[in-house]
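Below, chain A partners chain B and then partners chain C, in two separate complexes.
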Partner chain A sequence: MIEALRKKAEELLRSNTVDVIYGYGEGSTPERTRPVFITKPEDVNKLIWNKYCVYNLTTYLKRQESRKLGKPAIVVKGCDAKTIVVLIKESQIKREDVYILGVTCNGVGEPLATKCKACDVNTPRIYDDLIGEKIENKEIPFDERYAELDEYEKLSEKEKWDFWQKQFAKCIKCYACSSICPLCFCDRCIVDKNQPQWIDPSAHPRGNLSWNVTRAYHLAGRCINCEECQRVCPADIPLNLLNKKLAKETEKNFNYRSGYNIDDELAMATYKEDDNQDFIK
Partner chain B sequence: MEKTLKKENFNSLITGLKDQGYRTIAPKKDNNLVTLDEVQSADEIHLDHVQTNNSIKEYFLPKTEKILSYTLEKNKVSIEEPEGFAVKSVVFGSRPCDAASLPIMDKVFNWDCSDKFWVERREAITIVTIACDKCDNYCFCTSVGLAPDSKEGSDVLLTKISDDEYLVETVTEKGEGLIKGLETVFSDPVAGTPDRQVASVEKKFEIDKIKPWLDENFAHKIWAEFSMKCISCGACTFVCPTCHCFDIVDECTMSKGDRVKNWDGCQFKMFTLHTSGHNPRSTQDQRWRQRIMHKFKYYVEKFDNILCVGCGRCSRVCPADMNISEMLEIIATEENQKE
Partner chain C sequence: MGKKIGVFVCHCGTNISATVDVEKVAEETKKNNPGVSYTTTYKYMCSDPGQKLLRDKIKEEGLTGVVIAACSPKMHEHTFRNAAIKSGLNPYHVEISNIREQCSWVHPDKPVGTEKSTDLVRMMTEKVRKDKSLKPIKVHVTKRALIIGGGIAGIQAALDIADGGHEVIMVEREASIGGHMAQLSETFPTLDCSQCIMTPKMVEAAQHDNITMHTWSEIESITGYLGNFDVKIRKKARSVDLDLCTGCSSCWQVCPCKKIKSEFDMGLANRTAIYIPFPQAIPSKPVIDRENCILFKDARKKNIKPNDSKVCRKCIDACPIAPVKAIDYNQEDEIIDVKVGAIIVATGFRELEDGLYGEYGGGKYEDVITGMQFERLASASGPTDGKIKRPSDGKEPEIVVFIQCVGSRDPSKGCSYCSKTCCMYTAKHTMLYKHKVHHGHAFVFYIDIRCAGKGYEEFSQRAIEEEGATYLRGRVSRVYKKGDKLIVLGADTLTGSVVEIEADMVVLASAMKAQDDAEQFAQKLSIQYDKDKFFSEMHPKLKPVESSSAGIFLAGTCQGPKDIPETVAQAGAAASKVLALLSSDELEREPVVARVDRQLPPVFSTCIGCFYCQKVCPYSAIESEDIKARDGSVIKTVARVNEGLCQGCGLCAATCRSKSIELDGFNDEQIYAEINAVEFN
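Our next item is the complex of A and B:
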């Protein structure tokens, strides 16, 4: 599979189809990989693929530094590919701006990442080239897809509040969660706006609550569950629990799954006169 | 002064400290992390780790703190200064690299003015370090002039000499005072040379090669190449025991407010944004360069110290696997090739 990936990457660079490959390379330890940006065909051997390829590399589509390298081909897993769908739907990129090197995937992380436990996109649903043997995507029932919320949803309102107070107390306001998020692409985030100051920058209970809740709400109906925010959090806050809960509510109320079908209308950014939700009229 | 301390006496130590009015901060396990946190008994103390997730810094320079409160009434401004922020404490079981960060930071906090929050906490807190008996790939203390059993910044140094016993060496008068107040907890060392269990941390680069290269290579292409994967978050600077930049904000209404000091970091693009809209460090290569330059050039020129203790935290937590010692190895190699 690695050979096929390298061969394809070399071909894309040699034919000038793309200017750069965003892929995975060897990391600091054998249990870690890191993003690499390959611009020369002779460097394609730096590309690897293994179970430690957890990153969602589409986040580099929002960064001016990587964008300057030119048109990219991005190595994406099925989950990551959903990001590209959202970015296209939200007019951040055009389909032709990016070459999708889809990889089939049986799960990443050691132990297996939570996001992989109910995966129904082992084969990406959108790609230009597919690397690896095609895996038949399973249909996974609604309840099973949101099973990680079962314990959380049993908590009372007070218990939920206490849980999040304890979790958010750990926040150090490094903003790794939003920096890594491919869908947190605002050039100037609301936390950076200080006239007026909407969100207290201080890492005290009020500041931490307003930041973490705002971050999650801005991703409601948009988050594709790549779990990157949770992976990178140096304070080990289970951020994806919030994202997942909001995704569940969105699916329940609007029958919408972010990034799943490119033809679906966005749940939070579509206006219709015959909208079946009363409050919007 | 040399003593020994049995692990079974840790609890008497913590209780003894409590009786003397000390708050104890020690490594504690919380889910997947080991953090320096307040403990009530020795049962909570976790010792089987390489490095705590948070650094000792937050007990001297908290992530957020109120530096004054004010009220405005007609033409009158009243200011209230906070009190009681310097809590008499012992940090027990932090690593030698963390302790070494304190005298380095003393220089900046006592430079053009004396930062009372830092200085008073330094007086109130005693540091009892435990030498590292293990390390990982990210540790590089030996490359920045330290060691897994360095005494810099510690008041007392503990070194493991058997599975259940530590050698206790006092480093400062403050440390000596602490031990003397708790004599029953400690024993006299037995004759002979104790078997010190200290990790062997690989030396990755020659620190002497770093600054000369930085002096010459402000515009080198490596800054952009190496930092392409960086996502501009603040994780590295916030877990760093020597990064000390902060921002001051007023949290206020029309008539009253708090002036608050918060950690800030040079990797954020807002960090250097001018009111005019101009940003002298508008791209990530400039910000990454700043982090390296500040630690290994500017601080050395100003205070004659490297602003890094080789704890490796920045590299462990980096979302994109930016590895600082790898960068420094590349620099040292480049410098060698020049010769």
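Our next item is the complex of A and C:
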């Protein structure tokens, strides 16, 4: 599979189809990988693919530094590919401006990442080239896909509140969650706006609450659950729990799964007459 | 420099002062809000002396910001802002703190009401500090009006505007103008022939120099804004060239498809596939009904161009126009673009569907007919030449039962409203019937008789007293067939007895409903509609012909059930609004519009161009703009607000994640100041 990936990458660079390949490369230890940006065909051997390729490279699609390298081909797993769909829907990239090297995947992480436990995109739903043997995507029932919320949803409202108060108290406002998030692509984040200062910059309970809640809201109906925010959080705040909960509500109420179908209208920007309005009280 | 703020607390008679201690509100405000240099209370701020007080104090005290604590800004914001202009203050430094609708009226406890009022006033004083001067936006006006619908409402409005000297574009989706009124027999309360009064108006409209008529046409889309609407009109393929055709009738006389139910005659007569809807139609030129014409059916089946079908070419062969025939089977829909400054929507109603009342045999028994069908039976130009003959066997009915409120006032059938015209037209029907069948007997079942209007009560009394119609107060439970009779089972609640009538014919006074596509149409125009899908007026009392969108007006039954006099009056009112609008070259509008932030290079704008704002904007006011370098290359694509289209609803500002959109008059700093004023107290 790695060979196929390298061969394809070399071909793309030699034919000038793309200017750069965003891929995974070896890290400092065997169970680490790091992003590589290959611009020369002779460097394609730096590309690797293994179960440690956990993170979502699409975050580099928003970075000026990588954009400067020219038109990219990007290695994506099925989950990461959903980001590209959202980026296209939100006018951040054009479909023709990115070459998608989809890899089939049986799960990543050691132990297996949470996001892989109920995966129904082993084969990406969008790609230009598929690397690896095609895996038939399973249909996974709604409840199973959101199983990680079961424990959380059993909590009472007060318990939930206390839980988040405790979690957010740990936040050090490093903004790693938004830096890594491929869908936090605003040049100026709401936290950077200081006239007026909507979100308190200091890491005290009120500022922490408004930051974390706003971050989650801004991803409602958009987050594709790559779990990168949670992975990079130095304070171990279970951020994905919030994201997943909002994704579940969006799917339940509006029958919308972010990044799943490129033809679906964005749930948060579309009004339909039959939209569920039961929750408006 | 800080602002000098004046706060004026209104008693509103006792509306506010009964539950709010207005003196205390003024006192507290002065005490606790640095920058508030003047406070006072007044019995009626909106009165002339009240406004004078405001004008004088702005000057005397040198106020640079004003808060009026009174009623909803919907009521008097305009009043007070205008007063401020007269004293030389930019009106956008005047804010209303509403201490009436959601405060004094809802809090009977005076201390609570007083405290809340003080908070509300403080919020507004904080906002006023951040207020900036705004200048009205000027928009150009295209001096042309669009009328949608060619019934009596549309025709009347078109004539009024055209007579006022402005161009009118009229769009009617049927093949002829005339609408429902052209179908009626006689009209209440004077019993003059409907067509006799309608057709001259139709002709006048058709021949008016200022009116351009598009029949068999529909509105494809409307974009733009007050004074500058861009309209796309779909001229549906008529298959007949209106310029060439002389309306000689040769074609429809030879058409072999003769068994198509005539819509104009409410299915009581047949028409051909190439047809004019009725003899007085305007334009008096035919259209081919492509659904039913055998040539088009054949072409669809074989998937060929209609002109290549050889199944039947009788009409084109009969057409005497040479060398090019007036009939063109291959004609296609055409889209035309027009620019207009104002729009009147006069799309009318439809009658309640037949089959909805199974218990009355509607749609099941031929001799159970609707009010509109009775109109056609009674009409001199109708299928029976005005003789009352029942549809099943053509016999003259000797007993006719009229059932009122069929659909109307029946929430279980989805119309809770009164259709307003049925009491009168049923009384008229009984008269017309009695005038034509002297020995016949008319029974009317009614819930109430609602005949309010000039000469209306007298008219309905005449039906009862002079024409001998028997009015029974009660509902009909069932109509069923027995032999060639219809048995009507009902109750007479005044005598408390059950009534059974052997009738020859039953007439249902069916409800007026909104057009089937009213909802989609309203969305196309971005105008609001009510629960029954009738279009909503801006204000039920004070703005009865304005729709919720500026520059779009309403006339006739598309806004709610009404009779002809009322429709004509409303059409005239709408026309006068349009004339006022078209009388100036430029319009001023409120500068409360959204703005996408712009910054110096290299940022240019904090907008990231996700265009969520564009998707949520109900007024299509968000455009995309390419910020370009000198060499023409695109640096950034960002959102931009079209000031003319923006209605200042603020949805875009709320949706924007990077907070790159501000709403003038309600910008982030102003809102933030208000929130802070309650939070940190």
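As a working rule, the second predicted complex is superposed on the first by the 270 of 281 C-alpha atoms of A that agree within 3 Å, B and C clash if a C-alpha of one lies under 4 Å from a C-alpha of the other, contacts with A are read in each partner's own complex, and residues count from 1 in each chain.
By our rule, a residue touches a chain if its C-beta (ideal position, glycine included) is under 8 Å from a C-beta of that chain, and two chains touch if they have at least 3 such contacts.
Here the structure is a predicted model, which means the values were calculated and not measured.
Enquirer: For the three-chain model obtained by superposing on chain A, do chain B and chain C clash or fit?
Expert: These partners fit in the superposed model.
Enquirer: Classify the contacts of A:147 with the two partner chains as first (chain B alone), second (chain C alone), both, or neither.
Expert: A:147 sits against neither chain B nor chain C.
Enquirer: Between chain B (first) and chain C (second), which does A:91 come into contact with in this model arrangement: first, second, both, or neither?
Expert: second
Enquirer: What's your read, chain B or chain C touching more residues of chain A?
Expert: So, of the two partners, B touches more residues of chain A.
Enquirer: Examine A:196 and indicate which partner it touches, taking first as chain B and second as chain C; both and neither are also allowed.
Expert: Only chain C; A:196 stays clear of chain B.
Enquirer: Would you check which partner chain A:270 touches, where first means chain B only, second means chain C only, and both and neither mean what they say?
Expert: After superposing on A, A:270 lies in contact with chain C but is clear of chain B.
Enquirer: With both complexes overlaid on chain A, does A:175 touch chain B (first), chain C (second), both or neither?
Expert: Touch partner of A:175: chain B, not chain C.
Enquirer: For A:232, select first, second, both or neither according to whether it touches chain B, chain C, the two together, or no partner.
Expert: first
Enquirer: Could you work out the angle between chain B and chain C as seen from chain A, using CA centres and rounding to the nearest 10 degrees?
Expert: Value: 130 degrees, nearest 10.
Enquirer: For A:64, is the partner it touches chain B (first), chain C (second), both, or none of the two (neither)?
Expert: In the superposed model, A:64 contacts chain B only, not chain C.
Enquirer: Rounded to the nearest angstrom, what is the minimum C-alpha distance from chain B to chain C in the superposition?
Expert: Nearest C-alpha pair, chain B versus chain C: 7 Å apart.
Enquirer: So chain A touches chain B in one structure and chain C in the other; where do those two contact lists coincide?
Expert: none
Enquirer: Inside the complex, what are the residues of chain A that reach chain C?
Expert: Chain A residues touching chain C: 90-92, 185-190, 193, 195-196, 198, 218, 266, 268-271.
Enquirer: Would you mind writing out the residues of chain A in touch with chain B in their complex?
Expert: Against chain B, chain A makes touches at 27-29, 32-37, 55, 59-60, 63-66, 69, 172-176, 178-180, 192, 194, 197, 200-204, 207, 228, 231-232, 234-236.
Enquirer: Which bits of chain B are touching chain A when the two form their complex?
Expert: Answer in residue numbers: 30-33, 53, 63-64, 137-138, 224, 227-229, 231-235, 237-239, 247, 249, 251, 260, 262-263, 265, 268, 270, 283-285, 315, 317, 319-321, 323, 326.
Enquirer: Applying the document's contact rule, which stretches of chain C touch chain A when the two form their complex?
Expert: Its residues touching chain A are 603, 606, 608-612, 615-616, 637, 655, 657-660, 668-669, 672-673.
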